[in-house]
Every structure is written in structure tokens, then in C-alpha cells.
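Provided herewith is a single structure, encoded as C-alpha cells, for subsequent inquiry.
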Amino acid sequence: MTGPTAARRNDYYRRLDPHAMAPLWEVLGDLVTPSPASRCRPACWRYAEIRSLLLESGDLISAREAERRVLVLENPGLRGESRITTSLYAGLQLILPGEIAPAHRHTQAALRFVVEGEGAYTAVDGEKAVMREGDFIITPSGTWHDHGNESDRPVVWLDGLDIPIVSLFDASFAERHPDEAQAHSRPSGETVARYGSGLLPLESPSGRASPIFSFPYAKTRDALDRLGKNGTADACHGIRMKYANPVDGGYALPTIATFIQLFPRGFAGALHRSTDATVFCVAEGEGRTVAGEETFAWGPRDTFVVPSWCPRRHEVEEEAVLFSFSDRAVQESLGLWREEREPFGGTWT
Amino acid sequence: MTGPTAARRNDYYRRLDPHAMAPLWEVLGDLVTPSPASRCRPACWRYAEIRSLLLESGDLISAREAERRVLVLENPGLRGESRITTSLYAGLQLILPGEIAPAHRHTQAALRFVVEGEGAYTAVDGEKAVMREGDFIITPSGTWHDHGNESDRPVVWLDGLDIPIVSLFDASFAERHPDEAQAHSRPSGETVARYGSGLLPLESPSGRASPIFSFPYAKTRDALDRLGKNGTADACHGIRMKYANPVDGGYALPTIATFIQLFPRGFAGALHRSTDATVFCVAEGEGRTVAGEETFAWGPRDTFVVPSWCPRRHEVEEEAVLFSFSDRAVQESLGLWREEREPFGGTWT
Amino acid sequence: MTGPTAARRNDYYRRLDPHAMAPLWEVLGDLVTPSPASRCRPACWRYAEIRSLLLESGDLISAREAERRVLVLENPGLRGESRITTSLYAGLQLILPGEIAPAHRHTQAALRFVVEGEGAYTAVDGEKAVMREGDFIITPSGTWHDHGNESDRPVVWLDGLDIPIVSLFDASFAERHPDEAQAHSRPSGETVARYGSGLLPLESPSGRASPIFSFPYAKTRDALDRLGKNGTADACHGIRMKYANPVDGGYALPTIATFIQLFPRGFAGALHRSTDATVFCVAEGEGRTVAGEETFAWGPRDTFVVPSWCPRRHEVEEEAVLFSFSDRAVQESLGLWREEREPFGGTWT
Amino acid sequence: MTGPTAARRNDYYRRLDPHAMAPLWEVLGDLVTPSPASRCRPACWRYAEIRSLLLESGDLISAREAERRVLVLENPGLRGESRITTSLYAGLQLILPGEIAPAHRHTQAALRFVVEGEGAYTAVDGEKAVMREGDFIITPSGTWHDHGNESDRPVVWLDGLDIPIVSLFDASFAERHPDEAQAHSRPSGETVARYGSGLLPLESPSGRASPIFSFPYAKTRDALDRLGKNGTADACHGIRMKYANPVDGGYALPTIATFIQLFPRGFAGALHRSTDATVFCVAEGEGRTVAGEETFAWGPRDTFVVPSWCPRRHEVEEEAVLFSFSDRAVQESLGLWREEREPFGGTWT
């Protein structure tokens, strides 16, 4: 707008400024959009292309100095913000034989999906769990955790954290453990015995996160295999399951929904979209995912992200398994989450 | 850091860049802080100082053109971001006699606290509620709503919305209503009759927000008055109550916690802090609030904000009533909310 | 059955007996029936026919001696068991001017619906509520309660208790208060101010029952009146609402569901049945209820009961209001409750 | 009481009778007791003493004719009522090689704990589960179920049902399946793959009961073994766990709480009591349980019952494992359940 009105308004805006006020009508359209319109972009990190760079970090800095030796996967639309989606952080962590990533705890909840190697461990509140390819491990908000590599080869996993969520709410607390590695006061497998056998203690634990913090791939894969045999695959998602909290049946973490899905041989999924931007990591097999204008051909260990409300579909020739995570857990609890399948409706509800 | 190591690392970082990757260890300390460390600052907007500017907006733009004629209250630490805290939006809305703020709906939930005037209305999904000073009104996510002023004087209210939350999760949907003002298909007071009489329908409504969208001040004040007589005031908060959803006893909105509190005559509150940055608006009386380094002397219609984890205390000579809102509703559902009272403990838990 | 097989079996049954064992196959059909088959019968107590007998009890025993001067309404099919349905107790309580029904508490939850008179009170955990015709009052499990009559006329109310439920689970505890009438340590109306104004305290009360224990008829009637004007009456139930717990939106008592319903002028309800045997008490107006083979013409203050799964329908010429209660609260929590509307389906699901 | 007053009252009671009314004050003390006072008695059924009688039933009636060939365990205080406690039914079921207990469904929920034999099966809604000693199996309310014995030896299990609960609420529905044995339309182990692997489907099942209906002893025993090694045994209950519903973390059945507990070597438990009368069945080992005046020396396959609020303690020389069930699930949902440990308090709360 130009002319006298514009001039008067601009003068007015200048006079508002010292009072820390501004006109809503100049920005309303950007704040409240007709449909999700973020800077988040579809993107894919092919493991073959970045593995050598990742290993090189091992020569540049120690796990001790780095505290966590991680390459952040920055969404191309959000460079410099340490985010893979608007609400989530992701990175690839390298730990070398004999190294320890020192014990600490923080408000931010973290997940790990093992991409390469075997024989590392994560310890959570005094209990150790070994890490193998495909294993899914969580370190919930406030839990002491450290990692170590007792094998003779590098181990790499995908980290996912709710850093931007905790940041939005200004609720970050963190501290270092007095010891580099916490004492392992509980035998490995105790939480599984206590919470993962179909039995539960008479008193539930207080927290909102799953007390079971390790979900071995062998067990997960076996379950998918059995379900795949019955051929009741969803038209969009194949056989898709969530990692669950045995105490309440909810998501394993209250802030990050985590999933594993099997695409049966020859699966050609239908187009769909949802409001939870989703990070996928390939556990097994090869395939293609169309995400808006982009098409990603993916294979084992690749990571890719699909933004909120971006139409997507998956297809494979041979059987494939994808791990994924998103903020759907929060969106559902706030009543924000929405999914739509082709044909896409005209209305926003 | 300088020298060869720094050089090698910088060279390495340059090679990471085209792969949309970056070293976590350079930013970890900023992402995961020992305690909340946001740019949000304590601030106060004195109504007497801004009222004339607010009324001036009535000459510069119509409600129809503006869609909502609102001056955004921008936190001094977050200028240009249309936020009063990191997670919440607030503004002062002006509607002139005979004007209509046209009907629309959006994912973002909104609250209104009437600051000046009487005889305007808010209509939600076909039911009208009149607006008087001190009244608290919500327009939950997805509900059609419009406002009008049927009085002969300007009406002003404080708006609070969860815009930054919906934005973080990329879940914004919005649309204009075909008509400027929606048809008023339900008699005023129907939802109160259905949900606010101590009775409830046998079938609950689907939504997460309170079906009662208007909480008149007269009724609220009367309840505070009765409770105040019993003198069971909290040492920090006086007589503090939440606006509730009659269907589940939770907060009236799933994303914004809203409160009303009475400080009895001579109240000198204890120092405390919590992780929910809180916006206060003065309904009655005068007092002082210490927020970190700042001290705000406030009176009727003033608005002030206290950041997350910033130590605060309130004191009054005569009885006073404060309305307030924060993101505590979300923080509690995610397990993030924390409060501490003086003496402040050393540990973060 | 007769003959050698019967003889052998009877001999066998005799030898089982000393081991406290018996053959299931002789009784299975009575234990697990194709549809509800209880001894509970439809019945009606017309107030005009029993009022004089009820008042006569005032000459025979004092409230103090009786502890509670109540005539139990015994279901004709369950005589001698002090039950109006298989799971619930009901009786008519008389309290004379100046009398006190002494303070006690017990596991059994009780409800009172005032049938005649005005000016009595019920005190619950130190707070008094006055009792007028049509008022609904609860004394939840474990709460200290006493009644008094400060008027100059007899006061009568309908009592409903979960005695048979507590008895089935062998969980009865009870004790007398050291004083005849407990001290009234909380001002009348405090719980309404705290829980009934649309506001709630930040900390919820521990119990499962509504902290509001008095639901005055004037307020209830006004809500029904407003809802009736919109003419959205259910084909079977008219305008039917539940008395609710403001803290969770559930039933006011966890063991007894309580309802109030308005039949608009000329209402002729459809036939229906449900698994919760229901006790009705007439607050206003006259009408007819068909219950299986029976038809009850009812008027103000009459009480009638309809057994589980017994087909029923209601009709009125002029507007009428019915209070009712049943064990539906428990049946819903256990997944047992079922309702069917005409035409009745062939299958049991 | 005698004399004129008694005479007048008795005359009055006679005149109440035709109106289906009776004086509460004559029975109040029996209806509302100071503490649980039921007719339920401690009792023990030693398997060695009843096994031959149980097997004899195989010669007297076929599974087909009996529908379920079961010897009801009647509480000595409740003879003729088909109850082992006031609220629960229990019996020992025999199924011979080649027999089928025909498919049916009913409102009543059932549990089975395998006492002797191996190679029988239970099919629930089209899925078969094999039955071995110590296995725990449920057939929830409304599920089609049949049993068969594909081994060459008799198989015996303990049945537990909520028959008296469903009976109190008059909510029994039942029907025979058109076929003797339902078609096995789902592969064995499907529900375990879907709900028992740490994963869950994105959509939860509707029912209140656990979708997993078979809990093999081998898995249960292994979990107890691991937990026992940590030596964190409860002073009264040893290592006691509940069978859980993976979908919500609640009890496997909404009406019957089921438990498994390990007493470590040399365990001498403390005296305690609770309001849920409990049925125990010995899975392994030998020990003694004091229940009120009684002391039961028990061994493998024995069943015993402890009434509500009856003080009890357990002791063993060698390690032992007990299965148990009670109505605690209902009592907790209704707010009735209470437990007390020695020293027993004077007050009832």
C-alpha cells in the first residue's frame, strides 16, 4: 500500500514501536495460515555419501571433548537452527571402540536407532542395554544416561530429540553426572523382566515415558514378520506399529511418537499426508518415497524427512522396513494432529 | 579455539555444509541449557500509557479491513516475532460501536479477557455471549467465531493465542466464514444450561476444549469472594483457581492454562518460580510484582509478563484480582512443568 | 433324569459334598442366562398410600434410637433382602422438627432426593446444606454426615444406597461420630464456590465422588427448562441429564448413576430397555410408565422401579420431571451396560 | 425387645408388609457393618484329595453333555451358591483326550490356570492357544471360546469367573456357537505379535480386557526368576506381579484382578489383610499360609481361599510360586479396595 494512508499507518507503527507493540493486521496472514506452510523441506541423507565424513569426525574430536560426537542433520529449509523438522532435532552419532559418551541428564527426551555396528551400549538410570543394528533405544526426560562402545568397530546411530519443543516452552534443565560413566546398579534386562513380560508391578512408575528403554530389532522384526504374513497391510502405511509404553499403552515417549513399519513385497502405497512432519530411517530393503515434488530412492541406513501436510507415498519391490519418528504424540494430546488420504478433500476439517 | 586443530575443524565444517550437516558439539551448550535461558524478558504494558494509541487504530483501519484490529504485545526480548512469551501470542483488540470482526475459524485456540467496555459480544458456533469487563471468553480450536459491538462505546479486550505452538508443529488451518457474521442458531446460555449447572449430558462432546466458552466475571468474582473469606490463601499465589472444562475437569483450553487469582488485603507473597512464562492482566486493585530484576507497580487493565523460571512475588495493600494465562496446560501434559518455591534448591529436579 | 445314570450321578454328588464341591452342569443354566433373568419386579410406591404409615413411624421410634428412621422399599421379588433392585437399596426417611439423625460414616455411598418438606439439612464433612423438595444430595463413601430438621414440619426424602454392592465385595466399614452432630467447620456453599462456579482448584480432591454434595432443584429445574425450550428431546428419555462430578465429568457417585429428566408436554416415549434396573421418583407432574406387563400411573412424590432389560416407555400429557438412579455407573466402568431401543434386535450383542 | 412398645412395633411392621416396606432400624446393623463381615470362610482344596473324584466325573458325563465338565469349589460358608468368595466363582475343569468343550460366549469373563496336563487348547475369537501347566488364559466378556484336548492325557485347569458380579447387576447374556468348535481363522500367536512385542497398533482395540489372552508360564516364570534375583521382595507379598492389559496397563480383565507371586527361599511373610477375598492356586513349591484361625499347608496344584479382611501371612522353606485372583480390579475402580499391614490400626480408614 502507498499514499497518505500508508504514510499515516507507517507513522503510527513507528509510534507503537517504543511501547513494544505492533499491528497484527500486517502479519496476521503469516501467523495464521490456511494450511501448514513451514520452511521445512523434504530431504534425504544417503548413508553411503556421508559415512566417510561421519567417520572423519572421529579424528577431529573425542567423544569426551564433544560430550556427544554428533553430526546434526539440518533441514535444508531450516539451516543453522539444528532442526530436521520445525519441532524435532536429529543427528548421526559416532562412538569409537573404547570410547565413552559421558553420563548426563536433561529435560530433553532422546531416542536412538542403531544404524551401523554392534556392541555399543546405552545405560539408563543404572541399567545397561547393548546396541545392535536396528535396535531402538530411548533415554527419557530426566534419566541419567551414558553410552559406550565395547566392540572393536565404530558404532553409529540416529539420534532424535525434542530440543525445539523444550526450547519453545523454555523448560530446559541439564546436568553432568559426577562420574564419566554411571555405576551399573541394575542388572541388564531388569526393566524388561518387570515391564515387558506381560506382567506389571502393582505400583506403576511415576513417569510418562516407557520404563522399558530398549526395543531389540530381533523381537520387533519377528513381530512384523508374523503380522506381515496375515497380509492386512494399510493402503498407505503397510504394517505400521508404534513403540509403546507398557504402563499405559501410549507412545514410548510423551513428546516423540516412534514407529516401525513393514512394506510387503511389491507394496505400492497410496498418497496421503498428515500434520506431523516425519523422519524416516531405513532398517532393511530398498524403495522409493515420493514427497511433494521430490522422489527419494532409499536403501539401508538412509535417513529422509517429509514435512507436515506434504503429500507422500511409498513403494518397494522387495520387502522393506522403515523406522520413523515425529511429533504426533504431542499433536494428538493437543488435538492438533490430522491425516488425509487421497483423494484430498477441499475443506480443512 | 585457534591453531591447527581449529583450522582442520573449520575446514571439516565447510565440507559438512553441502550435506546439510553441522557439528553438534559447537552448539550443544546453547541447545540444552542447565536451566531455562530464553530471550523472553519481564515486561509491563500500562493501560493508561497505551490506551490513546490503541483507540487511534480505530481511525486508521476498520475491523473489516483488519479482520482483527489488534495491537500485538511483543515481548522486548522477542521483537518482530509476534510473541509475548516464547510459546504464546497476546494482543489488545479494539472494536468500535457497530463494528463486526468477521466470522472465521482456525486451528489456533484463542482466549479473550475483557479490559474495557461492555455490550460487545463473541459468537461461537452459533451461540452469542455478551462481553463485560472481567469476563473471560474462549474460542477453541476449529470453532467458528465472530465479534461485534452493540454498545455505543469502544470495547477492548486482551487476546491470548497459541500461535507459536501451532506454528512449531506446522499444524495451522484457517478459513473465512461465507457470512460476515454467522447465524446465531443457538440461544444464548444454552451451553451453560447444558454444561454449567452441575448436570451433564449423557454423551460428552468430542472436543478437548470446554464447551462452555463464556465465564462471566460476576460469577467468578463471587466465587473468589467466598473462598477469600475462608482465608486459605496460598503463600505464593493467594486464592488461585483455574478456568475449567466441566466435561473433564481439565483446563478450559488444552493448549493454554488460564487462571484467576485473588490477593487478599495486605497479601505479601513468597518468592517462587515456574517453567511456564505467565501473562497477567489486572482485573481489580493495585499492587506490585517483582520479576527478577524488575518490579512492576500495576493497576486495573495493566498487562505484564513474567518469563519461565524467573523468580517472582506479588504484594498488595488492598484486595486485588489478577487474570493470567500460560502454556502450563501443555507442559503438564508433556511432563515438563516444574515449580519451585523459596528457598530455591540447588538441584534441577 | 432318572434311572441308573441319575442314581450314579446322585451318589457321586453325595461324595463330592464333603469336599465342598458340586457339579457345575446341574446349575450352569441358572448361573449364566441367555439374557438378564433376575427376581427383581416392576413396582410402584404411591406416596399418597404410604405417607400416613411413614409419619406413624415418628411415633414408634425416635431418629436417635433408629439412627436413621427409614422405611425400606423392598422389591416384591426380593422381599426380606432390603433391596429395591438386585444391586441397590432404597428407602423413605422421615425426620421430625428438632430431630437429629446422628453423625456417622460408612463405606456405602448414599444419595437423598427430597420428597416432602423444607428446612432440614444434611451436613457432609463439616459443611451444611439445606434440603428443599426436589433437591438432590449425596453423602459419598467415607464422609461424615448427619441430618437435622430445623423446620416446624416433617421432612421426608428418598434414600438410595449401594449397600448390596458393598456387601457383594465384602468391603463394609462404618463408625459413629463421637458427637451427635458434627461441628460445622466449613461455611455453607464453600464447596459450590470451590467446585461449582466454572473454576476449579489447581489441585484436585483425591476422592472419586463429586466434592459438590448438594444439587438444589431450583438450579436443576432452570437448566431443564432452558434445554426443554430447544425441543431436542430424546425419543425414549426426553431431556435427560446426569448429575455430574465437576472434577472429572463422571457421575456424581462412582457406584450409583443419578439422573434428572424432563418430559415435555405431550411426550409419548418409545419403548426401550437397558441392563441397569432403575429407580424413579417423581419431582413434578403426572404420567404413565409401561414396564413389562405393568403400567404405572404416577404423580408427584411417587417412586417406582423398572428391572434390568424390562422393556419400558414413558408418556405424559403435561410437562413432568423424574429423578432416577441406577447402577449404570458401575456397569459402564466394567463394560457390562447395554441399552436397546425398539425394534429390539435378535442378537444379544 | 418386649412389652407394649415391641407389640406396637410388630403390629406396625405387619401393616407395612403389604406395601412392600420394612423398618430399616431392625436390620441396619447387619447391612452396614463396622468392618467386613461375610459368610465367606478360609478353605483349602488339596489336589491329591480330590483328583480321583475329579477324574471320576469323566465317566459320569461327557464334555459335550455337560457343556463344561467342572466341579464347582463352593466356599464352606456359601454352600449351594456356587461361589468361592462372595463375588467370584471357581471350579476345576476336566477335559479328556479328544474331547471338545463346545464354543459359546457370555457376558461373564473367565480365567483359566492350568493345573495338570499339557496339549489342550483354548480358542478365543478364532485364535488357538495351547495350554500347559502354569499357563494363564483368559476368555473375556463376549468373546467366543471353546476348549479341546489334543493330547493323550486328561487336562485339568482352575476356572475363575465373575458370575456373582454379573448376577448382582443383572447383566447376563449368553449364546451357543452354531458350530461345536469355532473356525480357527487367526493364526496362533497373532495377538501376541500384535500386542505383546513392545509394539502396539496405531488403533487400540475397543474392549476393556487384554487382547492378549494367553500368558505362558515359561515366560512368566522367567520374569519372576529375574526379579527374584534382585531380592526386592515385598515383606507381605514377596515378588508379586499382576497380569496386565498391554493396551492400558490395567488388569488383564476389568472384573477380576489376577496375580502371580514368587516367595523366595526362606520367605516368612508379614501379617496383612485386604478387602479383596483372594483365591490362590499353587504353581510350584510348598509352604504354609495362615488365614485367620486356619493354617493351610499347601503344595503344587492345591487351591485355597482367604476371605476379605481376614489377616493372612505366607511362609516357605524353598522357593514357591502362587497364582491368585480376586475382585480387587472392581474394588479399585469403585474406590472400595483397602489393605492394611501389621500392626493393624485402630481406625477404619
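Per-chain numbering from 1; labels A, B, C and D assigned in written order.
We take it that a contact is a pair of C-beta atoms (placed from the backbone, for glycine too) under 8 Å apart; a residue touches a chain by one contact, two chains touch by 3 or more.
Remember, it's a predicted structure, so these values are computed and weren't measured experimentally.
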Any chain that touches subunit C and subunit B
none
Tell me the fewest steps from subunit B to subunit D, where a step is a jump to a chain it touches.
2
Would you mind pulling out the distance in Å between where the CA atoms of subunit C average out and where those of subunit D do?
30
Whole-angstrom distance, CA centroid of subunit A to CA centroid of subunit C, is 52
Determine the centre-to-centre distance between subunit A and subunit D, using the mean Cα coordinates as centres, and give it in whole Å.
43
If you look at subunit B, which of its residues touch at least two other chains?
none
Given the complex with subunit B, which residues does subunit C contribute to the contact?
186-187, 189-190, 193-194, 196-202, 204, 212, 215, 219-220, 222-223, 226-227, 229-230, 240-249, 260
Given the complex, residues on subunit B that touch subunit A span 5, 8-9, 12, 15-16, 19-25, 27-28, 31-38, 40, 43, 45, 49-50, 53, 56-57, 60-61, 65-76, 79-80, 82, 85-87, 89, 91-92, 106-108, 141-142, 163-175, 207-209, 254-255, 275-277, 307-309, 327, 330-331, 333-338, 348-349
